[in-house]
Each structure stands twice: as structure tokens, then as C-alpha cells.
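There are structures below to look over.
Look for chain A in each of the two complexes below; its partner is chain B in the first and chain C in the second.
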Partner chain A sequence: MMISSPRDIKSINPWQRLLVLAMATFTIAPFAPLIIQSLAFRWAWPNILPTVWWHEQRERSPFPLAWDYVFSPSSRVAEATINTLGIGIAVTLLCLLICLPAARVLAQRNFRGKNQLEFLIALPLLIPEAAIGIALLMIFIALGFAGTYAGVIVVHLIPTIPYMVRMLTAVYQGHGTEAEDHARVLGANRRQIFFRVTLPMILPGVIAGCLFTFLVSTNLFLLTFFIGQGQIITLPTLLFAKISGGALDATGAGIALIASVPGIILLMFTDRFIRSYPLAE
Partner chain B sequence: MKTNRTVSPALMQNLRDVAEVMPLLVVLLGLFGGAVVLGILQSFGYAPWFGINEFPTTRYFERLWLSSDFWASLGLTLYYGFAATLIGLVISIPLSIALSKKFRVSRTFAALIRLPLMVPYTVGIALALVMLGNGGLLSRISAGLGLIDDPAQFVQILKTHWGCGIIAVYVWKQVPFMTLTLSAVLARKGEDTVEAAMVLGATSRQIFWRVTLPQIMPGIVSASLICFAFNIGAFEAPLILGGGYPDTLPVLAWRYFQDANYAFQLQGMAVVVSLALVSGIFLAAYLLGYRRYERARGRV
Partner chain C sequence: MKNTKSRSKQMLLASTLAVVSWSSAVQADNTPGMFRSEFLKGNLGWEDVTAKARDEGSVNFYYWGGSDIINLWVDQVATPALAAEGVKLNPVRITATKDTVDVVIAELAAGRGEEQGSVDLVWVNGENFYSLKQQNALWGAFANRLPNSVNFEWDESDPRSLLNLRDFGVETGFQEMPWSGEQYVCSVNRAHVSAENTPATFAQLKTYLEANPGKFTYVKPPHYLGNTFVQSVLYAHNPDGTGAAPYQQSFEELGGEELARLMEPGIEYLKSIEPLLLGGASGKPRYAENSGELDNLFLNSEVHFNCKFGVFGNHNGLITGAYPEQAEEMIFPAGNMIKNKNYLALPLNSPHPAAALVAINYFSSAEAQASKLKTAGMPVGLDLWRLSEEETAEVAASAPPHYGVTQQQLDDNIAPDTNASLVDVIEATWLAVIERKEDKPLADIVAQVSGELNN
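And then the complex of A and B:
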């Protein structure tokens, strides 16, 4: 992976080049009309570009201008953003706390029922989310958990745990136990071993796992929507409320762009962490 | 439990292991297991909190499975799931192979193509609306080319049971996931076997079918399992971009749950359990087929 030196794009055959370019276009191009839509004041069919842009109408009609609305309190975008990030951070920390010890055991020990345990951990990815969400909603309503932050955070653990365990297990497997054994022989206690030896070694993998967990949590719609009961709004649910009618107006486009920002930031700064996470086991 | 000093170190270690796995087990069994058990109980008529307790009754399943609407919904659900997963695989297998050849901008392209993985599905739906809708960009471009002169003439892509919009969103969102999974497998396998095959005179077609594809098969299976399970359980895309009645199963279940009549919730739970059952059957069949394939290749 690292030894081969970079070559020209011509090193792949024309079909592959076409495929790569086509997919890049398919992936990125739809964002262009979204951005235009969010900046348009009048964009009637069949104009490819708006006839009247947003800033041209600032004096005449202060409302509804997409970005003014998005940044005003009545859009609840700020509230949704804070909720999304806060829930994401809480879910990530909780998930890490639960998965890190278990991943060590899974990576380093052999025991009866290990295969079954691994299957159980993968199961939330294989059972349709709607099924889990609706069944859990009943339990949570009975417990008074529905529509609370605690309920949403707990339910976000379900789709994040399988990834976190997988990634952390792979990290532990990659390191073995030799360094810890040396430290133990040299008289370090368990706490010292963990904080001085193990943690520094596995830190890159832990960060990768945390970023991915955060990402899954911030992008989650269905479970938030079901368990949040409309009382906990996050960026995905806010956007859903805006476009559930099947039409996208300028404010909807603005919210869609805001909802993409966390992912775009993560993509730019975390490329090297996310790149080779061990999904494929 | 009290442990005294005569406990052997091995036992101590075992106890510690159990203690370390325990939180995970509690969360998984408590949440996930609880949801499964309660869902099944309810679908068989157990809901004392609504004053309904007919357990065990198969009434809800009978009513559901005997209606043709259910089968239409199931068909649609499976169709969207299969079509999107297949198209995703057909794109992401060659894409991951192309991107595994390191060229100068391959990392940039790989990062660009990864963008959909990072944003919510609802953003994908918004993109589908702005691109594929009758007033969308494709419709405007067709008008610009003189193909149509009214939005209504544009071919209906969204809100049909063909589900092109739904499938497009799934593919858009899942190709990066599949590509990333396959790229991880390819990176681990290295290029040695491919180069060996080349030296031995294999054509590129032979290399693909005989060397690369078998190598990445585990990645293909795991990625397609996860995507298929997600697709048939997805709710927002079929709700917004779908053709309305008959709805896919998750939307159908949600409508039952939104009904003012509580008794319909049990009907909804029967829908949910049926969905999980169908998904389980397909995944098990798929895994079984895969194991047979591996065994035929002498790998297991």
C-alpha cells in the first residue's frame, strides 16, 4: 500500500478512468443545484440558473430568504446543530467506554461462545433499523424514555456498537500483548500499563473508531426520529421535516447544506483516520 | 462476589474478562434483545398496557399475510433493496479495483467519492429532489436541449413504484461504503497474486474472475449484507421519494403506529416482525450460499 510510488492517472485503463470520473461527478455534482437553490430568490423552470439571486433582493423582501431564515432562531437550525453534536459526542464516549474493554477480551482471549458473541454484536447491522426502532419505541414509551436525550443517546448505541467493537478489536489484534507483558515484568501496575503502554499504542485506532461512531450518530435519522418523538430535533430530522412533503425550497436547501457540514469537515481532516478502518472482516 | 487470595490468577483473569465484556452484553441483550422479544410478544397479541392481552394469537399475522397489500409492500421493499444493492456492487467492485491502483490523484478521488458516506440520508434525498424532480435540474437541462417544453412532460422519476429516486439515493450513499470495504480488503491482499497471475500469462479478464473477485468475496458479502439489511429497513427515502400506496413495509408499519387506534400498533408490530423474518431468511440463505462457495473453493 505504501511502497508503490504514485503514477499518472493514465496508469489505469480508459474504462476505469471513465468510471472514476463518472462516479466523482455522480457524487459531487448534485451539490451544485443545492447550493444554487439555497442562494436563489427566483429560480423558475426551465432556467438552469436563477433569474434573481438572493442578495439582489435583500432590501425589497427581508423574508423568506434562505440563509437569513436558516440562521434565525425560528428555523431551529442552531438548536438542531447543538443537539446533533452533543448527542454525537455523548454517544461516542459512552460507546467507547462500553466497547474498549470488550474489544480487548475479544481480541486477546479465546473462549467458548466467542463466535456466537461476535454474531450477536454484528446482529444490529443485519436487522432492519425500522424493526428495532419501532419495537424499542414501545419499551421506551413505557419507561418514560421516549422523547428524552437519554433515550436518543442510548438508542444510538445500537447501530454504533458493531462498528466500534470491530474497529477496536482489529486495533488490539494488530498490537498483540508483548509490550504489556514487558511492562508487567518490569513491575508496572495495571493502571500504568493501560495509560502508559496500551493507550498510546492503540490511540490512532481509538480515534478512528470514535470518529466513525460520531459520524454514524450524527447521520442517524430513523432511530432519532422514532425515539425522539419530535421533541429532540437533530439536523437529519429537521431536514426530514422540511422535505417530507416531497419538495425542496431554498430554506430546505440551506438546511441540507448545514446538515452536510459536519461530514465535510470530518472528511477533510480525518482522511487518514477513516481510510483503512477494518470493515471487511 | 468476594474473591480471596487463594483464587488462582487464571480465574482472576477470567473473571476480569467477563467483567469487561459485561457492559457490552448488557446493552446488547437489554436493548436489542429486549426489543426483539417485546416485538415478537406484541405481534402475537401481548399488549397489557393497552388493555389487550390475547397472547398467543396469530390473528395479526393472519390478517396481514392474507391481504394482498402486504405482499405488494413486501415485493416493493425487496425490489428496492435488491436493485440498490446489486447496482451498488456492480459499481463499487470495479471502482475499488481502479482506486486500488495508486495514481497521482487517486487519494483525492477516493476522498471525493467518500463524501456521501459522511452526510445523512436525508441530504441524499434532498439532492434527489433537486436533481430528479419534475422541476429539478435534469428536467431543466432536458428543456434546455429542447426535449420537453413543460415540467409535466419530464419523465416521472420520483414518486413512482419503479423507485428510481429511492434506488439512486441508496446507490449514491452506499457505493462509498462498499468501495471503502472492498478497498480495505484489496489493500490487505496486496498486488502479489495479481502480479504472479500476470507473469504466468493470465488475461485481465481471467485475473478479475479467477484472482481478484475470489479474494474480495468476503468484503462483497459483508458489505452487501449490511447494505441490503439497511435498504429493506429504510424509511425516509421510500416515504418521501416513493410512489405512495402500497408503501414499503417500514412505512406501512409506521403508518400503523401513527394511527389513533392503539390496536393498530399490534398490527404494525406484526409488520415489523414479518420484515425482520424476511430479512433474516434472505440473509441466512445468502450466508449459506456463501459458505458453500467457500467450501467449494476449499477455503473453509
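And then the complex of A and C:
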């Protein structure tokens, strides 16, 4: 899939180069104004840069501004970050536990109603969170799950399972069962087959699935708010409370930047891992 | 059915217990609802409430968390002050109060009744209070039973009590406590508009816009800021010249035809300024979706005026960098600057009702209100004439500055809010006439939208 030997950028044709450049711009460009905004005090059109910067106003301000506020205990960024990461990791692991066997069956077995089942699994992706939030909350209240971490983790499984199942099903399908059959013929038991043969083979897919699950979980707002009853704060709930007025000020921009950090770190990590993975084609 | 039965059983049990332990009712605090019924009957002294509050230990306070300066006040002033009274304030910052109202109503529907909910205290007004009231989701008439209730005017014979007794025309019934009093104030960017060019009436605004087209817009109804702008237009264009007075009645009292007659000139005005609004020249006037967007348009000089609720909105905009450097307040529309209050309410299923009462009592003290005024720029919700001289002086000393106008000028131009039942009709009429451009007699549109609202 990937280009095995890195080619010189000059050997890529100009059109391709332009497209790569455009892609990079689209990816990086949104961050530039966000970073400037987070350092601004007053930034009005048509000025390209803020007329008053945060550090110029810092001494005069009666209250902590911009990053001073973001890093003050009042912003609750620390608590939200810990919650977001903790919930994200728990959701990812649980999701994996559920989806690995499910995807295997969907990929390798044929049974009646399989197509319908695959369609059903994708349904949560089609229904907006807002439409099911209240109904779910009532169920979770009845179960005694509302306002708890367990409740939030369980509700995050609803929109993440479809992604993970789809991803893992595709990975299983791509590999077939030959290698596992060989191992079985050679006398490996089921545990050995899974850990020594299957898992190494599908690991890049599993990592990619986990990445998506984690990113979806760490970006869910409405379900987190409803089921957490506002008491479990995560980076998205914090950010939404901040920008609900309709304007992104310096602290909003700061919180948005912090909210994107876990994803960026994870992306870099998984990218390196998948590139250097020996079984990667 | 089973639910009602068990509830009536509970009530029977509670009242039996109430008779048995009439004097030491606090000790029976394990029975959900016991504290509530005893408190509302007036059987509990304030010591009983504070003792139970310390037992409960914490209070979940749900409030709009979009303002850094309010968050800082809650964390740095209110939380330590309540901790000193043995109550841990647990601030829950929310995006929209409606979400919290939904949570309360869902909990009640799921059978989480008295003392079994999650919300102790919520910052509300208008529509959201009305929803809670409609759904019988409020705790009860507490607001006149706290020690700091003396800071408010409750005497109905005094017209000034209206802001405490009516929330958008809906009777508060002491089920919410005033928290802050706000006024619809417009700011002007002095970089573009000189003092003599500053409009004071809607006619002058139109003249200004004819010379400077596109330099004004308002928040789009049904946002409450847009509704408020429309209401002030209607007051000013009241054909009888009686301003806000007829708009204090409910829709049933006033009647659709009369309302349409009163609204006609105001709606005509709104239609006539459409081409002069931001983007109006190209035939597509742009209304701001919320106050944040309007702040941005104002900061970027796309508009020269910014109208929103906030006696100290101009000051707050300057210290947060949200307003342009030369922003000043203006008296507009003269005599029709709508004032209302926002409140603190307890939901019926508040899990820590005694602690919530202690928190509300603290929030209603002159000291807390003065510090909130000073650090968060939120006007006081209590009534100054009820305070002692020292307290009045403390509040006066805490007030942030005004820019270009005086507090007295703001006070002299107050108008009351519109009855909540009319607000819905007016908002729907605006959407029909201005947004959908329905070309029908106004009376027909009012009849049609009010009919739709009733169904």
C-alpha cells in the first residue's frame, strides 16, 4: 500500500505536488488562527494580527486572561483532560474487546441475515445524538448509570462500536484464514493462534480502529453531557460551554488547542508504529 | 398508577412522621420529601436548615459557563464562602440551560422524585422557568422564607416588586430567587459614530442607516435577545402611545386582533429597515445568530451598534477584549430599554435541598452580590431600597464604570418585559412576516401563529 522507498519530492509531478500542498494547507491552516487567537486580547478585522496581544494586556487585566485562565484551576482543563483520556482509553479497550470477536464472525462466517445485521450495526452512525440523548438518559437513570463514569463509558460505546466493527471486519476479510489454518494444522492451540498469528497480522488494523474509537470518544459532546448530567466534564463539554455564546475568544481557542493535543500525539505515535511495523506491506 | 400509589403511601408516611416528630423534624431527614414539606409548612427554623445543609455537605449548581469572569467569581469567591458555612459548592458549567431543564424533566419522568435527582440549583429565567413550572418540576415557594429574603421587595402593592414576582409575565410564586437584574443596553463604536449622530429613537436609527446602510443588525428571533429587540420596537411604535402597558397582559386577556393592531406599526418599521440592515443592500439581510456573533460583528466594525442584555456589558466587553476600544453605551431606545431579572431555582428532585437553600441565601446577601458585581460585572438582583445604608454604599462602590452614560440615565429609561404568552406569538409573527415574507394581513398571521402555538 505504502511507497516502499521514499522518492524525492522533485520527482513527483507538479500537479501531485500542488495537491499535497493543498492538503497540508487544509490540515494545518485551521490551527494558525487558533494559535494566534489564543494569544490575542483584541483581534478585529481587517487586522491580520491582533491589535492588542494577551501579554500586553496581562499586567493591566483584573483577572487571568487567555492562557493564564486556561492554566488556572478555574478553567478545569486539568480535570477535563484526565477525564477525557481516561474515558477514551476505557472506551477503546472495551470496544476492542467487543468488536474483535464480532468482526471475526462477520468477516469469516456466513449466516442468514448477515447483511441485515451489518446494516443494523451501522445505524447508530446515522441517528443524530440529539435525537436519542434524552431517551438514553431516561434508560440510564432507570439503570442507575446516569452521572457516573461507567454510564459515560457505556454510552460512548454506542457511536464507536460501528466504526470499530467495520474497520476490523475489513481487516479480517483482507487476511483470510489461510495462515491460521496452517498454524492449526501444525498443532497450535486457539490461544497460540490468536496471539502468535492472528493478532500480529491484524495489528495495524486494530491500532487504526483503536485510534478512531479514541478520537470519536474524545470528541463526543451531547451524549457525554446528558449521561454525565453535566457533572462529568471532558474537554468537549468544557469547549462547548466556552463557545456556546457564538464567539471563540482567547480562552476558547486555548481550550480547543489543548483538546486537540491527545489526538495529535496519538496520531503521531500510531503513524510511526504502523510505518515501522514489520508486517506492514 | 403504581407510582402514584406508592407516592401517596409515602406522603401518608411522611405526614404521620411529621405529626410524631413535629418538633424534631430534622431528625427524620432520611425520608425523601420530609424536609421539603416541613420547610414549606414553615415548621423549620433557619438553624434546622443550616444543620441539614451541613449534613448534606454539597450542592450541585448548574449555570451557564461561557463567561470566564463569572466562572472565576464562582470559584474564587462563592466556593470558599460557602465552604465556610459547611457546604461544598459543586459548580456544573453548562452550555444551555434548556439541557439542564431536560435532564430534570427526564429524571422526574424516570421516577427520580424528591431528593433523588442530580440538579440542586439552576440559573434560569423566562422560558426555562416556565417549562419547569409547567412540568411541576419546581421545589416550592422558598424565596420569601430565607433570612436574606429581606433584601427583596415582595409587597405586591409596590409596583417595584413586579420584577421579583413575575418572570416574563409568569408568576414566580416564590419558586425562584432573583439573582441578577439586567437591562437591554446598546453600545456604539465611537470610532465611527459621533455623539450627535448617535440615535436615541428608532426613527433616528433609520435616518442613521439611510446615511450609513448596513451598519446595524440585531440577533435573530427566536433568540431571546432578538425577541427583546422586537419587543422594544413594538413598545415604541404602540399606536396608542401607551408603550409597554398593553403588552403586560396575557394573550387571552389581550386577544389576537387587538395584539395585531398594536403590533402593526412596529412590524411595518421592522420591514422598512430590512434593506438597511447588514447585507440588506444585496437583498439578504443578515441577522446575528447569538450575542457572540453580534459581538464579533461589532468588534470588526461591520456594524456600529451592539444591543444586548447587560448593564455592564460594555465594561465586560472592554476588559475581555470582545468590544472595540472606543465602545460606549448609549440611551436607546429612549424610554424603552427593557429590564428584567434572572433567577436561581430549585428543581423538585434536588438531592441536597437544604444546602441549595443555604447557597441561595448566600447568593442573595449584599456581600455576595456586591462582589459578583465587582468581579463578574453582573448587576445586583436585590432591591437597593431594601438594604441598609452600609450595604447600599458597598454595592455602589463595587459597580463597574459606565461609558458615556450614567446609571441614572439607564434607570430613567427602563421598560418592563413582555408577557411570556405574547413573546411566543410575537416571535412566531416575526418569523412569518420577516423571515418567511408571508404577505397577509397581520391579524391573519397573528391568528394563524397563535392557533399553531395552542396546538
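Odds and ends about this structure:
Note that in this section the second predicted complex is superposed on the first by the 216 of 281 C-alpha atoms of A that agree within 3 Å, B and C clash if a C-alpha of one lies under 4 Å from a C-alpha of the other, contacts with A are read in each partner's own complex, and residues count from 1 in each chain.
Keep in mind that, in the parts below, contacts are C-beta pairs under 8 Å (C-beta built on N, C-alpha and C of every residue); 3 or more make two chains touch, one makes a residue touch a chain.
None of these values were measured; they are calculated from a predicted model.
Of the two partner chains placed around the shared chain by superposition, neither chain B nor chain C is touched by A:210. Once chain A of one complex is fitted onto chain A of the other, the partner contacts of A:37 are limited to chain B, with no touch recorded for chain C.
Judged by the touch definition given at the top, the superposed model places A:138 against both chain B and chain C.
Residue contacts after overlaying the shared chain place A:80 against neither chain B nor chain C. Contacts of A:45 after superposition on the shared chain: both chain B and chain C are touched. By the touch criterion stated above, A:247 is placed in contact with chain B and with chain C alike. Of the two partner chains, chain C is the only one touched by A:147; chain B is not.
In the superposed model, B is the one of chain B and chain C that contacts more residues of chain A.
In the superposition on chain A, the residues of chain A contacting both chain B and chain C are 45-46, 134, 137-138, 142, 225, 237, 240, 243-244, 246-247. Within the complex, the chain A residues that touch chain C are 40-46, 51-52, 57, 61-65, 69, 72-76, 134, 137-138, 141-142, 146-147, 225-226, 229-231, 233, 237-238, 240-247, 249-251. Taken in their complex, chain A has these residues touching chain B: 1, 4-12, 15-17, 19-20, 23-24, 26-28, 30-31, 33-34, 37, 45-48, 97-99, 101-102, 104-106, 109, 111, 117, 120-121, 123-132, 134-139, 142, 154-155, 157-158, 161, 165, 215, 218-222, 225, 235-237, 239-240, 243-244, 246-248, 252-253, 256, 259-260, 262-264, 266-267, 271, 274-281. Residues 17, 19-21, 23-25, 27-29, 31-32, 34-36, 38-39, 42, 49, 91, 94-95, 97-99, 101-107, 109-123, 125-131, 133, 135-137, 139-141, 143-144, 149, 151, 158-159, 172, 175-177, 180-182, 184-185, 187-188, 190-191, 218-219, 222-223, 225-226, 229-230, 232-236, 239-241, 249-250, 253-254, 257, 265, 268-269, 272-273, 275-276, 279-280, 283 of chain B touch chain A in their complex. Within the complex formed with chain A, the residues of chain C that make contact are 60, 62, 64-69, 71-72, 75-76, 90, 92-96, 99-100, 102-103, 106-107, 109-112, 118-119, 288-296, 299-302, 319-322, 324-325, 375.
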